[in-house]
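By letter and in written order, the chains are A, B and C; residue numbering begins at 1 in each of them.
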Amino acid sequence: MVDPVLSAVREYCLLAWMWIRSSMVYRTSFVTMAVGQFLITMLDFLAILVMFSNVEVLGGFGLGQVAFLYGVSGFCLGAADLLVGNVERLGRRIRDGSLDAMLIRPVPTLIQVCADEFQLRRVGRLAQACMVLGLGSTTAGIDWSPGDAGLLALTLLSGTAIFCSVFIVFASFQFITQDASEVANAFTYGGNTLTQYPLTIFPKEIIKAVTFIIPLAFVNWYPCLHILGRPDPLDLPGWTQFVSPLVATVSAAVTGCVWRLGIRNYRSTGS
Amino acid sequence: MISRLMLYAVVAKLSFQRFSTYRAATAAGVFTNTVFGVIISYTYIALWRQHPMLGGYDQADALTYAWLGQSLLMTVALFGGGFQDELAERVRKGDIAIDLYRPVHVQTWWLVADLGRAAFQLLARGIPPTLFGAFLFHLRFPSSPLTWIWFLVSVFLAVLVSFGYRYLVALSAFWLVDSRGVDYLVGVSAMFMSGMTLPIVVFPGWLAGVAHGLPFAATIQAPIDVFLGVHTGADLAASMAVQAGWAAVLLAVGHVVTGLATRKVVVAGG
Amino acid sequence: MSEAIVDVDELSRTFVVHRRVGATRRRRRTEVKAVRNLSFRIQRGEMVGYIGPNGAGKSTTIKMLTGILVPTSGRLRVAGVNPSTDRLRLARQIGVVFGQRTTLWWDLPLRDSFALLRRIYDISTDRYRHNLGTLTELLDLTDLLDVPVRQLSLGQRMRGDIAAALLHDPKILYLDEPTIGLDIVSKARLREFLRRINSAQDVTVLLTTHDLVDIEQLCKRVMVIDSGRLVYDGSLNDLQSVGGASRTLVVDLAEPTEPLRVEGADVTRVDGPRQWLRFPADASAAPLVADIAARYALADLSIHEPAIEDVITRLYEHERPSRA
């Protein structure tokens, strides 16, 4: 069970590394693009700062705490975008036949689709999220304990996995139709935008939707509630704040099934 | 002259029709706009609850702003979806040489095509999100029919401004190896400085000053303010004059740059 | 009896196509049988031609053999493996060249594409160096290694694709219309290369093509597919005698003349100074040309090879009645 996963990870890393080396040939271009991405994503956080120049709290959360939520969510989306962002090109690959070229190779198709054209410059966005996370960690009034730090690390991993799942599941719809690919954005970037804010600003229905239907709330909200020491607006049992890794694992399993179903459908119907 | 106008009308119509064939993509886009509209609405509700009458808007104004922003997003092609990728691609490939030798002015051609596109997207991606928003939240609609007319004029001017700077970005492909970086940079700046991310009226003084010194504000903040009836009388005229001014300047610069590009192509031999 | 490297038994593939029919534009579901009950075996080391008109099912067959497409029914084994269920295992044994699309990376230099493939196929450093060296030399790619694939000409790109397909020493090479769009010189060089790898390295080759000359030059065995059915599987010579194919000599005379009377050829069409003469495919055109040139003023001439459609039509005319 572990062996194919490990070999898949190895193959992914080897391919991604090839692309990194290839892009390093144009080093100045890479640096400018990465820095550009960093600055540009800073504009996004600027909006939050502008909001807080007008108010003290949003949904009961102060700037530091919102920055913390924003940082975790941004990190997870940024990491997911870096690792599997290319999966949204699936439709294009089907159209131009490059998916077929991948099917005849001895590497799992999902790995190829994600690693192909790996763009290290996306790390610029990730760096911005780290910076905001750092800012939030120090100004949110958190009484840091080793347990909190461990929970944060685990959350960053789990959240990334959850976002990766969302990316891949919605991209899988392109096996059936390539025209409606924009719907994915509503859940990936929309999901990120939603989780940037404390969920207390949303009505209970929406919080339930992102808890039970598409588990985006487990990317940052529930674990952060624990770290920030804030009460849960839905009053769910305390262990909800620790199950992000479990949610991530289940999401990954579901994603694997959906993807395999998509490939099987493609191979059964032709394009 | 008349035949030239007829030609442009046909170009606009064909562009409109072309975009109307992307039915699934349009539906998907409306869905995405609606989702973002909902998220932003609750953000603004929280914001305005803490600070009522922020920026001179009440909550209904703010929510209307959020939904109109989402509705106008594709019309003014704030973050892609317009002609600029196509044009930049033609420049990169060199096909643009053919266009420059034609007796039709390149800039006008693309402008008219873009207007056709904008018209379609105003209808197909502009109306549905606003209706959804009105259904879900309490929005403010203009009381006087005249305001609607001024709004449409303002949107038209916004599209001109948007075309103006997108055209220049696309033409940068003549001189830059990869204009995609510029395209991205301008796109993201536009998202913020147009008032799309947050209304400019909410910006701190110095930032609002920066925003008003850039053309992007004329694409989102300006037409929405007209819709909300923020400006009346002389203020309204002034606001639209600013939009028109930006449009004129950007189109004029575009005209000059087209000339420079033509010369480059002719001299370099394509 | 040695096990065939490709073993196909009653292979079928049906596509469901939704068409909007009639004035009401209702969607009607029709089934298209792209491949019907295909059966054949290919032994290790063979070079087989696979021909048929457009839409006959050639590409569909290749897709099933490579695992891209799953058959609707029938049995299929390639290199001892079932492509539908063991695609990843099979992938190491096969190399594919798609004529119209490239398997290389568009924006990368050729060298980088090969380096990526090395990682993908997990080729050892020694093996990689050896194969890359041999292939670049044989396919004349040494000067092109640093050129981005998008800047290569069609012929150069095709050679790159072939090198890419052979880098990992596959047992089988599939070529889907590899000579399409190439000039005569490139075609000849490509054919020479294929002959060499087939004999020297024992690579089994399945070549689909529209060009009968490819078959003539390369394949002892040819399979003809039409409307999804295998209508012929044997030697090319027999095919042409069964098909009774003829070639066409198109002559442009200096001025319009009465239909030419030439021994060994029939005039099928006259259009002003141009005349079309049909003669048997296995006969040489040289005596005909000499004869015509001696007696008439010739402005220009060309020879048209038999179209596959002609061969196949003739094939059907010779079919046994028991075949439905």
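Just so we're on the same page, contacts are C-beta pairs under 8 Å (C-beta built on N, C-alpha and C of every residue); 3 or more make two chains touch, one makes a residue touch a chain.
Please read all numbers here as calculations on a predicted model, not as lab measurements.
Central chain assignment: A. Criterion: smallest distance from chain C-alpha mean to the mean of all protein C-alpha atoms. Contact analysis places A-B first among chain pairs (by count of C-beta pairs in contact).
Ranked by separation of Cα centres from chain C, the top chain is B. A separation of 46 Å divides the Cα centre of chain A from that of chain C.
Rounded to whole angstrom, the centroid-to-centroid distance between chain B and chain C, based on C-alpha atoms, equals 51 Å. If you average the Cα atoms of chain A and of chain B, the two centres end up 29 Å apart. Within the complex formed with chain C, the residues of chain A that make contact are 11, 14-15, 18, 22, 96-98, 100-101, 103-108, 112, 264, 267-270.
Against chain A, in their complex, chain B makes its touches with residues 22-25, 27-29, 31-32, 35-36, 38-40, 42-43, 45-47, 50-51, 54, 178, 181, 184-185, 188-189, 191-192, 197-198, 202-204, 207.
Contacts from chain A toward chain B in the complex involve residues 29, 32-33, 36, 40, 43-44, 46-47, 50-51, 53-59, 177, 179-183, 185-187, 190, 193-194, 197, 201-203, 206.
Against chain A, the residues of chain C that register as touching in their complex are 15-16, 60, 63, 66-70, 84, 87-89, 91-92, 94, 96, 98, 101-103, 108, 112, 115-116, 119-122.
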